[in-house]
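Once you scroll down, you'll see the structures, which are given as structure tokens.
Two complexes come next, and they have one chain in common, chain A, joined by chain B in the first and chain C in the second.
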Partner chain A sequence: MKRTYYPNYFSIDDIIVTQEKIPCITEQELSNLGFLDQSHSSTDLKANQEVQLPLWYILQVQKERGRNQFYDVKIPNIYKSTYSEICKADATAVDLGKLNKHFYELGRYVSHFDRNGFVGRMIYETCRSRMKYLKDLCNNINNEQRNESRLDHIEYHLFLEGSKTNKKFSEWLQESTVNIKTSEMVVNHRKRKRALMEAENAIAGSQKT
Partner chain B sequence: MDPEELEFVGESVSIGIIPNFNFDAIHLIAGTVGPFKAGLPLHIPLWLAIHLRKQQKCRIVPPNWMDRDILEDKKEEEKRVPNFTSMPCDQYMIVSKLIFSHASEDVPSIEEIKTFIKDIYDIRQAKLRTAIDSFFIGKKQLDGATQVSFTNLTMFEIHTVRSFLPYASDLIARLERVCQQHTSNANDTVHSNSFFTSSSSGY
Partner chain C sequence: MSGQRAFNLLKEHQQTTDRLISNFNSEDLRAILEEINIAFQENHQDALKFQETRDKTLFPMIGYRHALLQRNLRCTLAYLYNRLMKLKEIRWHLGPVITPDIKEALTEPEIQWFNNYSKLLTNYMTSFPDAINLMTDIKPPKALFIEVKCLIDHGKLELENGETVLLQRNSIHYLPRTECEHLIRQGILEHISH
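The block that comes next holds the complex of A and B.
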């Protein structure tokens, strides 16, 4: 698994993040775009109408801000003051996974539309105070509770990785590992060709006879 | 790296043994081992020592630092100094684990030594944990850097945090860049919101 996440054009995670619907208000009348608002059957979008639009669409339309302004993008509720107050008070108490599976990534995109730089600061501060908590969570390897709903997608993968390491090291220290298994890195390198070659030889041998 | 791989790396350190058999020198890629003369101490790689010890062909001479007084001093020093102290052996965890589990009879006062090593390891792990905590939350403001010293940390200890720390710091750094960019642009009306430019600039 790739543990450092950088969004790119082919990143599945990035595609999933940009599927998220963001509330917007139309700035002007848009003809023939009525299908964007499922609740109305009109063919056109009127000015000042609220619509939920996927993030990828907004990012495309908003390419040059100021010149191509069709929609006024609202900040989703989860990045608004109520939650930011909770995050400020105790970031570890928030079940980020329940707010949004991709809290940080979505926040990163949303911060483009936030003129005060408020969302950017909020996700940064939240992430920093949660990392210590996440690290402690990794150390409790006996703790079998499902943390998936409490953690952001990236956090969850970090947690899996961290707890796996801790488990391995404590097993090693307690000498409970008896059989050495092939390391994951070696498996990924496909360096062990012997088994494959033997199988091929067996097939070739049976064909000769 | 997995602990098994670290063990493999650590097994190459040299250790003294007293063989109880005679044998010619063995020529290996890493160097020549032997010749073995019964009763004459010599230095060989740890993996070979463990192998011979399992067959009752030698007695392992514990390394100098595996001594009650030295370890006690080390433990006191480790407690006193806020940073990590330099360990007498870079592979101390691996060497002691292998010797304790395969040649426990060759080490005098092994129980005490075991406790000291475990204590030292625990103190160092606790230090590492506090260091990382201050790394994550020490910086209250965006200006002013936190300084954390990881000098003298052994390879084994580094790998206990390696799968987590760099990636967690990556995430924090990425969000910090977003945060800084938007605080500095807060009064600007011109933003670059392109999906493509934002992904290629890679924050």
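The block that comes next holds the complex of A and C.
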């Protein structure tokens, strides 16, 4: 399926990003919402209590009330100054995938809550300095190394797409003949079928003996 | 009351890699619909209560339930929609016939949707004077005839000029490209290059 950068309503990626939990401080007492904070068993949330809330909830509250009077949204640690110092020093050394699989997308949402405009600048700079490194990775076609944990989700897909394009380009340069290939989907489908058949045979075999 | 169930449903769809499409999870879907209904009922009651008492402390909870309802709705619709998109992909890769193992993962409306989509596509392709087949020539053609190797016993193939070819395993044939391209895409033949 085509991925568009701007998340649409049905985008699974965007739904996964908005599932992320963000630290918040309550600004007033909120009755009956005690279950949101699992460490306390009280029925109400008290004022000035710290609580982790899913992003989708915060966005909805924000949308409805214009200015959010219930919660003060904090910036998650990974976008705070310590990490940004590392990113500034050498962004390519950071395993973004380990910090958060959706570093950029989450950052885009978080930057709305950041009054200093700090997060926005940080993700922009990080992305900018990592791009060249990503391009180098793509150029190395024989690179079998799994980069998944090092890269953010978007970067990873850019990497896959990039190395595929590079491979096609080098094939074209070598003027290799255009071969019609079995579609990838069929290949995967068949693999599964074979595994299933083998399993069935094994069961039948064991029953005979 | 956390929307986790709906989210898991979507994750299950996305993480299915060992097969083309995951089984339709009607059990979870029903539970989520129930969750939505309960949230709506409770909000309705709280809204009535607010009209009587003007009690502002009800607001946060109503807000949360509303958000939860919207979230569950979004996850559920995304689940259904993305399944259909997957089916669309299957139509383009595997052709108009669904194999039994895919079929058992689908619901009746989904099968109907697939058939309708398939029909639309065929109608579109036959609406041209020469009945264009969009599934062919995915890569630029270079020769009219190509050499192919048969990977499995497929049986007889009748060509447009009336000749019949017996497609036996490991046999090699020299066939018109247009007539065997779809068989290669389905993995029955293999294109041999020199």
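Going forward, the second predicted complex is superposed on the first by the 162 of 209 C-alpha atoms of A that agree within 3 Å, B and C clash if a C-alpha of one lies under 4 Å from a C-alpha of the other, contacts with A are read in each partner's own complex, and residues count from 1 in each chain.
Please note the rule applied: a contact is a pair of C-beta atoms (placed from the backbone, for glycine too) under 8 Å apart; a residue touches a chain by one contact, two chains touch by 3 or more.
Given the structure is predicted, the values throughout are model-derived calculations rather than measurements.
*Asks:* Answer with first, second, both or neither: which of chain B and chain C does A:70 touch in the superposed model?
*Replies:* second
*Asks:* Identify the partner contact of A:187: answer first if only chain B is touched, second if only chain C is, both if each is, neither if none is.
*Replies:* Once the two structures are laid over each other on A, A:187 reaches chain C alone.
*Asks:* Which partner does A:56 contact after superposing on A: first (chain B), second (chain C), both, neither?
*Replies:* Both chain B and chain C are touched by A:56.
*Asks:* With both structures placed on chain A, which of the two partners, chain B or chain C, ends up touching more residues of chain A?
*Replies:* B
*Asks:* Now for A:35: first (chain B), second (chain C), both, or neither, which partner does it touch?
*Replies:* Touch status of A:35: second partner only.
*Asks:* Does chain B (first) or chain C (second) touch A:12, or do both, or does neither?
*Replies:* The answer is second: A:12 touches chain C but not chain B.
*Asks:* Applying the document's definition of touch, where does A:135 land relative to chain B and chain C: first, second, both, or neither?
*Replies:* first
*Asks:* Examine A:116 and indicate which partner it touches, taking first as chain B and second as chain C; both and neither are also allowed.
*Replies:* First partner only.
*Asks:* Would you check which partner chain A:169 touches, where first means chain B only, second means chain C only, and both and neither mean what they say?
*Replies:* A:169: touches chain B, not chain C.
*Asks:* Touch check for A:89: first (chain B), second (chain C), both, or neither?
*Replies:* neither
*Asks:* Per the definitions at the top, what is the overlap between the chain A residues touching chain B and those touching chain C?
*Replies:* In chain A, positions 9, 56, 60, 65, 177, 180-181, 183-185 sit in both the chain B and chain C interfaces.
*Asks:* Inside the complex, what are the residues of chain C that reach chain A?
*Replies:* Against chain A, the touching part of chain C is residues 1-3, 7, 10-11, 13-14, 18-20, 57-58, 60-61, 63-64, 66-68, 70-71, 74-75, 77-78, 81-82, 85-86, 89-90, 93-94, 99, 101, 138-142, 146, 177, 181, 184-187, 190-191, 193-194.
*Asks:* Write out the stretch or stretches of chain A touching chain B in their complex.
*Replies:* Residues 3-9, 14, 18, 56, 59-60, 62-63, 65-66, 104, 108, 111-117, 119-121, 123-124, 127-129, 131-132, 134-135, 138, 154, 158, 161-162, 164-166, 168-169, 171-173, 175, 177, 180-181, 183-185 of chain A touch chain B in their complex.
*Asks:* Help me check something: in the complex, which residues belonging to chain B touch chain A?
*Replies:* So the residues of chain B touching chain A come out as 1-5, 7, 97, 101, 129, 132-133, 136-137, 139, 159-164, 166-168, 170-172, 174-176, 178-186, 189-191, 193-196, 198-199, 202-203.
*Asks:* Considering only the defined contacts, which chain A positions touch chain C in the complex?
*Replies:* Contact set of chain A toward chain C: 1, 9-12, 15-16, 19, 30-33, 35-36, 45, 54, 56-57, 60-61, 64-65, 70, 176-190, 192-193, 196.
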